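Next come the structures, one after another.
Heads up, the next two complexes both have chain A, just with different partners, chain B and then chain C.
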Partner chain A sequence: MNNPLRSKKAEWVVTTPSFLWLAFFFAVPAVIVLAFTFHGHDASGGVGDWSLSTWRELVDPDYPAIVWNTLRISFEVTVWSILLALPCAYAIARMNARWRGIVAGAIMLPFWTSFVVRVFAWKTMLHPDGWLQACYLGWLNVRAWLFGWLPGFLQEFLLWAGFAAPGAVDPASSTILDSETAVVLVSVYSFLPFAIMPIYSAAEKFDFSLLEAARDLGAKNFYAFRRIFIPGIRQGIVSAILMVFIPAVGSYVIPQMLGGTNCVLIGNKIFMRAIQNRNIPHASALATLMAVAVLVPIGIAMLWKRRQDARDKRRLDEQTAKLAVGGGGR
Partner chain B sequence: MKRSFVSVVVLGLVLAFLYVPIVLVFVYGFVPNGVSMSFFDAQGNFTGFTTKWYNHIFTGNFAIRDLLSSFWLSLTIAGLATLVSSVLGTTAALALHRWKDRIQSIHYGLVYVPLVMPDILIGISLLMLFVAMKVECGFWTILIAHVTFCVSYVAMTVLARLADFDDRIVEAAYDLGAGPWTAFFKVELPVLMPGIIAGGLLAFTLSIDDVVITSFVNGAGTNTFPTYVSSMTKHSRNLPSVFALSTLMLVFTCALTGISKLIGGRTQVTRRKRG
Partner chain C sequence: MNNDFLVFDHVTKRFGALTAVDDVSLTVGKGEFFSLLGPSGCGKTTLLRMLGGFERPDSGRIYLEGRDITDLPPDRRRVHTVFQNYALFPTMTVWDNIAFALKLAKTPKEEIEERVDSMLEMVQLSDQAWKYPNQLSGGQKQRVAIARALVDRPQVLLLDEPLAALDLKLRQHMLIELDAIHDQVGITFLYVTHDQGEAMSLSDRIAVVNKGRIEQLDAPPKIYEAPASRFVASFIGDTNFFCGEIVSIDGDYCNIEVEGFPQIRAFNDKQLKVGQRVDLSVRPEKIRVTSTPPLPEKGASINVFPSKVKDIVYQGVYTKYWLQSGSLQVSALKPHSRFLLDQETITWNDEVFVWWHPDDGYMVEVK
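Coming up: the complex of A and B.
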């Protein structure tokens, strides 16, 4: 080729370093993990012969409950984060450029303190004598009261899915440290900035005069927010959901430090099996399950985006065609 | 507007929520009792503030010797990982930007997928690799792991910068007789530098803060600052020194950013004056 910019040789020189590094330290290990799941484990902590025993054992002990708990808690964390991030992003996007920069910076600033240190600060705050313990009991009572109002089938479903606990609140045995609530609270704290940022950058491009137009046409404030603003920034919302859900599924430090024995998630189990019990095949199988739990929502989001783009393009074409016909008629 | 008012209130509450632990980190750097983590003694009397934890840090007190050495190890690893991943990430971005063939679509997958994988999966899979290869875990395995997850972030940052890059200036350099190396180092690299620096800073922040991946590949006895702190949280009398050190780091980072903003702002002003 004449153009030295696009020659094959240049491509090799530029591609090889990162390609080889990532192939060897990312792709190959992933294959090894998958291969280990088809091995048994021996008592001395080694990897045994090829067998399906690992996958059979996964059904048996407490693994399904742990997987379900992880998905449920990740779902709760995602819902809370998005609910809080939407008004925040809206508020920031409506500010002038100077304030936008300041507030966006203020949201990211806590990241300059080590994550472990911040989680540990939470642990100090969640001490049983602290003020958050009182808030926690209040929250449990409100939740139990609300639960009592729900119709019977919904109560049964929530109990079955683990979203609610049966019976009255016992102040003596309900401590916020080592509870699921602590894990959800601190997870929302840690991942919230990742939810705000994509929604904010979508909201920044949103044309706010559309909301005024909707109001002029008689839409109430919240109706306009729900029917015009939310669909307008839906791609930001989808990426925010992924930005929260994925680290929540992979969460390890937060349940480790704040969940105690009441809140063991897949991440903790993987670490336990890999480091403490030296049961490498089980750790690999759990990691594979986690990868599936992460890749499925990503796949759905990609399909959804493709369909949305196709729909938008079709609508645009239709509008253009209509306009062209209208223009021709005149 | 009503709606706007509600959302501003929510934003205020969220900011308070995000800053409560930071304030706590600052305050607990001055707590006298490192076991109870309380400013009150058993009788409920206020015991006042202390600066002894800061003294420990500045004098290198033996009680926190391991903490300080883990901190230096973190800085070393983050520095080296930033250097290596900046080079690898930049070349990856250049390749992905310039060629669009089958190899590059695989390459893109290799760069992109680590970004969406939870840390723990990267950690466990690297541990499996080191187990399968029978490598002893330690400094080098931590460094390899950190480079691996940083490359993708640098590559994506530089790729975003390349999207605004005018390829014609490189072609112009060729027309004016520059060879591929001259064109790269004299023309392309200076234009990309802000992107590379931004990516490098991101890599440094991620590396120095990583606890999950490190705790899989660190082996016995090698602790970075985050893994050492998380092992300290179980039983230690010196936790306030962690908070003191974190406060110092935060102040230092803020000062550095402030200074770079000031300098950056000033050069822009002078440029405008010249223009």
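Coming up: the complex of A and C.
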């Protein structure tokens, strides 16, 4: 056990299977997809010779708007999921062991039913004669009213970014089915467990006496939650964001079944190109674009974290240097 | 000393069927170092948490400088706690931890800097200001927790077993430091501990708590020398109990008949009468162990009993003996104030004499 060579070997034995799994089922397919983008396609749906034609043909006037909508809706879904998951995870972490088990089980229970079946059930619930339709109209009115209160530049920004639509609410043409709201709602419903679980597992390890310490030093409950609890479970929140944002960007079933023509996302386009147009290279190029769209924010987040660490280290070094200069003897 | 600075007035707290704090009344003076001492589960921490605002008493009131603070939430009391596990904020640097209370109070920036820096200096951590708590040692964390709780000069500092997580050497060092900090800041300290040594060495006064009640509230020497109950006598240090009936009175002294033991002479400080039963406590260090009986002119009235050595534990500073005396076990502690190798040694199974002066026993309980 003390032999470094032997422990090195043991490490290899343990990690090799998962490494091989990742290589065959992730790395190799990813490379194949990337390689396809540098091929043309033939009329029978096959992959043609090496060429840059796919990338050249990728200019479609619809694409920028679709990519933007995909990112915007994924962002909305992520924000709502995290906002709902935070109090849930906090409450579960504070329960006693028995209730924790029951509630955690209840959160996992939907996974016993097929995802497609659950989304289909939503189609029924969102029917124009249903009560959710009434709620939707109410929500639209509240949203329009709130929008009216915002300062002008913010209104313009929201309109420009597509978060809000201009004009009054028309009950006849506003159905919740086949709307963006339906896609966001059902996406939040589907991804919420993926947000709760990482936050909960971080909250479970959180030392709640820290909140008491904050209260003791003069903090109000919400301040302690915001300044001590949230930073304390930062890691869980970061993984929850990734767990929701990434599948949301790749979302395909939900917009297909509930978004109609009003909410076409990049996932639907990829499906269309691959299955309907039988243009695998084109679909591969879109998938590659999507992967880049997801990787860029993660890369930025990692850079930011590294800069933070560097800042802390620099501050510590500066302090030490200052003490060394200012007469070391105390 | 203003004795009404902090007042617990008939405070009771129940958790289900358990009465954690049972009708406790006590007052703490301003600037006092006051200890709550008792075994775990005795209710001392509950008392502290009620003062901190984390528990609300079922009945009774708590006053601080004449103001009723019983129903105030923790953030509205100028009372800070040093938690047993320190509860330092792991996502903040040492500096930010200490500045926390000042930032909440919207203190001007220059003042925050000045006061945090002076706190860091007081606890000798100026060179650790930008470290995170997980980069500190146990003793350093402890000092940060104290600095954080003292920085905005609370009315009372609560310390909940603050040294329990430290090793022995560090604990002794922190005891001295805590004492120095208390002298420096002059804030009232309320110290909760189960360690009698800590309480004795730091406190102006100690309240010994057992089963939710205060058994005794006194200065440390009185707690040790004149315990108010069997519990106090046995919880604070070691002692020998002799339980018996008073058979005769001789001026200020009385003779106690103990079953399986010769009569014991004791100072009758409770003015008891013949026929009453009493528990007499004699501390081991007050009992001498010698191989010859004490000289007769030292007084015929001292208690001398022939005994047999059953067990010995040599500790360098002193030796502890367990002796069979009549049908009773007696423990005695012999400090070594002279060079031990020149002394005649007492060893296992030696026939020896144990003796003590009648004034050195203390009647703890009358039945």
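Convention: the second predicted complex is superposed on the first by the 250 of 330 C-alpha atoms of A that agree within 3 Å, B and C clash if a C-alpha of one lies under 4 Å from a C-alpha of the other, contacts with A are read in each partner's own complex, and residues count from 1 in each chain.
One rule holds for everything that comes next: contacts are C-beta pairs under 8 Å (C-beta built on N, C-alpha and C of every residue); 3 or more make two chains touch, one makes a residue touch a chain.
Just so it is clear, the model here is predicted, and its values are computed rather than measured.
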item: First (chain B), second (chain C), both or neither touched by A:298; value: first
item: First (chain B), second (chain C), both or neither touched by A:287; value: first
item: Contacts of A:275 with chain B and chain C, given as first, second, both or neither; value: first
item: First (chain B), second (chain C), both or neither touched by A:117; value: first
item: Partner, of chain C and chain B, that touches more residues belonging to chain A; value: B
item: Which superposed partner A:80 touches (first chain B, second chain C, both, neither); value: neither
item: First, second, both or neither for A:200, with chain B first and chain C second; value: neither
item: Touching partner for A:191 - first (chain B), second (chain C), both, neither; value: neither
item: Footprint overlap on chain A, comparing chain B with chain C; value: none
item: List of chain A residues in touch with chain C within their complex; value: 207, 209-210, 212-220, 223, 228, 231-232, 234, 312, 315-316, 318-320, 323, 330
item: Contact set on chain A toward chain B in their complex; value: 4-6, 10-11, 14-15, 17-19, 21-23, 25-30, 32-33, 36, 47, 84, 87-88, 90-92, 94, 103, 106-107, 109-118, 120-125, 127, 189, 192-193, 196, 221-222, 225, 242, 246-247, 249-253, 256-257, 267, 270-271, 274-275, 280, 283-284, 287, 290-291, 294, 298
item: List of chain C residues in touch with chain A within their complex; value: 52-54, 73-75, 79-81, 83, 85, 87-91, 93, 100-101, 104-105, 124, 126-127, 129-132, 148-149, 152
item: Residue ranges of chain B in contact with chain A within the complex; value: 1-4, 6-8, 10-11, 14-15, 17-22, 24-25, 28, 37, 87-89, 91-92, 94-95, 98-99, 101, 103-104, 106-107, 110-111, 113-114, 116-122, 124-129, 131-132, 144-145, 147-148, 151-152, 155, 167, 170-171, 174, 180, 205, 208-209, 211-212, 215-216, 225-226, 229-230, 233, 239, 242-243, 246, 249-250, 253-254
